Amino acid sequence: QNRGRMLISCPDRPGIVAAVSKFFSEQSANIVQSDQYSMDPEGGMFFMRIEFDLDNLANRLEGLKKHFGTIAESFMMDWSMHLAARKKKLAILVSKEDHCLLELLWQWQAGDLYADIEMVISNHEDMREQVESFGIPYYYVPVTADTKKEAEQKHLELISGKVDTIILARYMQIISPYFLQHYPNQIINIHHSFLPAFVGGKPYAQAYNRGVKLIGATAHYVTEELDGGPIIEQDVQRVSHRDNVDELKRIGRHIERIVLARAVKWHVEDRILVYQNKTVVFV
Amino acid sequence: QNRGRMLISCPDRPGIVAAVSKFFSEQSANIVQSDQYSMDPEGGMFFMRIEFDLDNLANRLEGLKKHFGTIAESFMMDWSMHLAARKKKLAILVSKEDHCLLELLWQWQAGDLYADIEMVISNHEDMREQVESFGIPYYYVPVTADTKKEAEQKHLELISGKVDTIILARYMQIISPYFLQHYPNQIINIHHSFLPAFVGGKPYAQAYNRGVKLIGATAHYVTEELDGGPIIEQDVQRVSHRDNVDELKRIGRHIERIVLARAVKWHVEDRILVYQNKTVVFV
Amino acid sequence: QNRGRMLISCPDRPGIVAAVSKFFSEQSANIVQSDQYSMDPEGGMFFMRIEFDLDNLANRLEGLKKHFGTIAESFMMDWSMHLAARKKKLAILVSKEDHCLLELLWQWQAGDLYADIEMVISNHEDMREQVESFGIPYYYVPVTADTKKEAEQKHLELISGKVDTIILARYMQIISPYFLQHYPNQIINIHHSFLPAFVGGKPYAQAYNRGVKLIGATAHYVTEELDGGPIIEQDVQRVSHRDNVDELKRIGRHIERIVLARAVKWHVEDRILVYQNKTVVFV
Amino acid sequence: QNRGRMLISCPDRPGIVAAVSKFFSEQSANIVQSDQYSMDPEGGMFFMRIEFDLDNLANRLEGLKKHFGTIAESFMMDWSMHLAARKKKLAILVSKEDHCLLELLWQWQAGDLYADIEMVISNHEDMREQVESFGIPYYYVPVTADTKKEAEQKHLELISGKVDTIILARYMQIISPYFLQHYPNQIINIHHSFLPAFVGGKPYAQAYNRGVKLIGATAHYVTEELDGGPIIEQDVQRVSHRDNVDELKRIGRHIERIVLARAVKWHVEDRILVYQNKTVVFV
């Protein structure tokens, strides 16, 4: 209840850690975990993640942020401060394949995913029963070439004000730049290949044709460049000449759900910083 | 001494295994290991690898091949038969980076690589002493933009008649189509990325810029398409935002040498069949 | 529908493959996949797995078996022949942890586990609703120190004649020798450690205390020796000093479900042969 | 040249990070990397590793240490401070198997192992030539059941005052408690199994007999308990029923050399803290 988290990005220069530590010390907060990374002590970017304990944090958070503002300004920090107990609110978008969705629902139910799943939105009705059995609202928003814009408008209405983070759990529609600008670095997609290999459609068929010996999956933040956003997590599994495209898909489903679930977990625990087109992940 | 190996590729149809087994049985040969793979029992390709024991094989091998010809013809087989005791003869080509070469020399010395390393050829003098200390001839063949053709001619003279297999152990020159046609599926290259990601030059810099979370290496047969030949083996290792390009190279060196050594081992043990642009690897 | 599978173990000697191939050829069956392994061509054991296609196999299977008997006898074969289309019938036993059960139910629902799950039996009521939502019968059989024998008797009644294979999906009761003798090499357990490390209870606490850098899980056939039966599959995941016992359990749950699901899949596809206390797995 | 490193272990309590940061800030040192881990903010142990830059550090290090003493005392710290540029001095002990030694020599030559290898000591003459070709002194100290004590005395004479860290690179003799007390947490051994599985002799034969599906290696600090000291690093590789004991040894050699090299690298970079029988490794 009294645990807070802080993320900081700023140009590196001497004194950052000391200033931040002094701030927490003066507030009688105890730093229980601190991670940092400097791209280059001479003029590179500096990234930091802090977990701290402070009595009565829920009530003091706003004051704390205000006080920190002065330090942040002097170091030109891009920063955020969170109450760890405040769960992030997720919307999961899904099409017809259910494995990534089910993994998230299941980890959520097991208590391994500390977040609120506010809703599931799909362009198909297929998974309504399963999702509702978890007590989660299910919205069916059909999408056709002609109704793409209306569908996105409907999505925005559904999630607006209720959701921090959007998970594309094998949602097979491209998100418009208009939509993206409302949720910068807050939309996580799972791509079913080891990016940047096999960008675009049918990656398992591409992998089969190229005869690769490992297949993979990639979770990334969505940007305007298709399959080109900052990579959060990747993993692979060994395959052989015996595995045809269907078998690659079957194996791939396991990697996809593991990789997406890890990425979402790190996101909701404020472990990811984005800089340009890359992520810094403190795990 | 009496161990033989056989590789077969042919269109699948009923009776192949029976015909091959019967042949070996009639010759009083004992099949000690047999692997097979059918792309599709209905009209796909069929691949087979057999290890067999036969008394006095060294003297009987030519006769055995002759007898097998009739079966091979009736099934339209592409096939080869080898005396396991006859070591393949390798030439290793290398430029300035020594890690892949050293791994091969070392595994060879440890008895893990069952082959004769006939020579090392380099466009630099750097590794002469090290190679010669293993008792292996070292040839320095400089290559410039102008002398590329003469250099390849020199290579052909050096290896012609003495070498079965050519290993490009971080040899940073492109092999000409003229050279390639002399050694189809007999030239193995190590590419320092998880192909098809990061084709071409400076793959670690490309990987760093893209922010991937795993880096890899790929051993493949060399064809006219740059970094596009049949993949033999790949592996990856986890990296993080902390790893800069130099660190990626350091980590990559480990993967490269492991992956190349595995591919060469499989090749010299007649474990690889090539079909179109893919490999069937029986391990 | 016409696909059959055969498993053979026997002392190695010349002529086995030829005899088996000849048999299938004479029956006009087409061998589509064949794997074999010889521990030692001179007097070791020989193991073989064959997939074959034969028209009208369902009706001809019994005749085929009868014919094969003569060959089997002359080679002292331990063997079995299966109609691939005939699904194995499973009973899953579970206590309070649901992750291994759910993974199996889910893969079954996705069509990745080709078997019939006939029933789930538990010594707790907790998972009834979830299991029944899959349309699978759920039996609650409480077990106390005093009722252990009656509980096992009840289990035998429930499964007798209905089930081929029993999966202990984190079932926290020891199976009696009496029960085991009814299902030799047909009971699969998942142990939550990388056996033989951390045999017995609380393996994650043991792993934490020892400070290991990888944790694992092991699927094995159950024998009278606790955690000592033939190992089918194992896998591990990296952990660090940061992971306390709860975190090890969380990470472990992922490995456990993956490892158990793989083992069950191989078992129902007749890919596993047991010899003494080890398995030969043809994948 | 101006890079320093610091390792701290102490009981956790509020204010540690602030005090340490303030100290470095007052000395005009810039913290470029900081890692920390708290076993439990309420009364557990706290571990910290800092990399810092300070002008003219070589000359100021002693003064810095003196100043830090007061802080260290008030927090009951166990601590050390190192000049990063000062290489650790290693002695490598080896018996007849050369792969772990060669990997270290090779990484050292490639510049990947930042340390001085002062000497190699062996109870066999076998590797003299190879070691001396790297310009490293080689001492032959035979060991028999009767001369064990004299041999250790000879070792101590050779290394005393010249060496910080002793690497047992497949040195097949047990180190006496007397010797150990001179080098607490400074002797690194590679054990050829995934400890605690297969403690003691012939671990690959044990692994083969148990039928495990993965084999591993473990690097650990040596303590009086055989194969029981704090684990630094472990890794595994998949094996199958096809791999006999010799094949397990061959595969194992790769894991052993990789695992030992990683552990040594972390040790010489001051990345390892030992607490009770476990390690905290900041990588």
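Letters A, B, C and D name the chains as they come in the text, with residue numbers starting at 1 for each one.
FYI, a residue touches a chain if its C-beta (ideal position, glycine included) is under 8 Å from a C-beta of that chain, and two chains touch if they have at least 3 such contacts.
In this text, all values refer to a predicted model and were calculated from it rather than measured experimentally.
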Result of counting contacting C-beta pairs for A-C and B-C, higher pair: B-C
Identity of the chain that, by mean CA position, is farthest from subunit D: C
Intercentroid distance (Cα basis), subunit D paired with subunit C, Å: 41
Centroid distance [mean C-alpha coordinates] between subunit C and subunit A, Å: 37
Subunit A: positions in contact with at least two other chains: 37
Graph class of chain-chain contacts, one of line, ring, star, complete, other: complete
Residues on subunit C engaged by subunit A in the complex (per definition of touch): 98-99, 102, 106, 110, 112, 133, 250, 253-254, 258
Interface residues, subunit C side, partner subunit B - complex: 12-15, 17-18, 20-22, 24-25, 28-38, 41, 53
Residue numbers on subunit B that touch subunit A, as the complex places them: 37, 194-198, 210-214, 216, 230-236, 240-242, 277-281
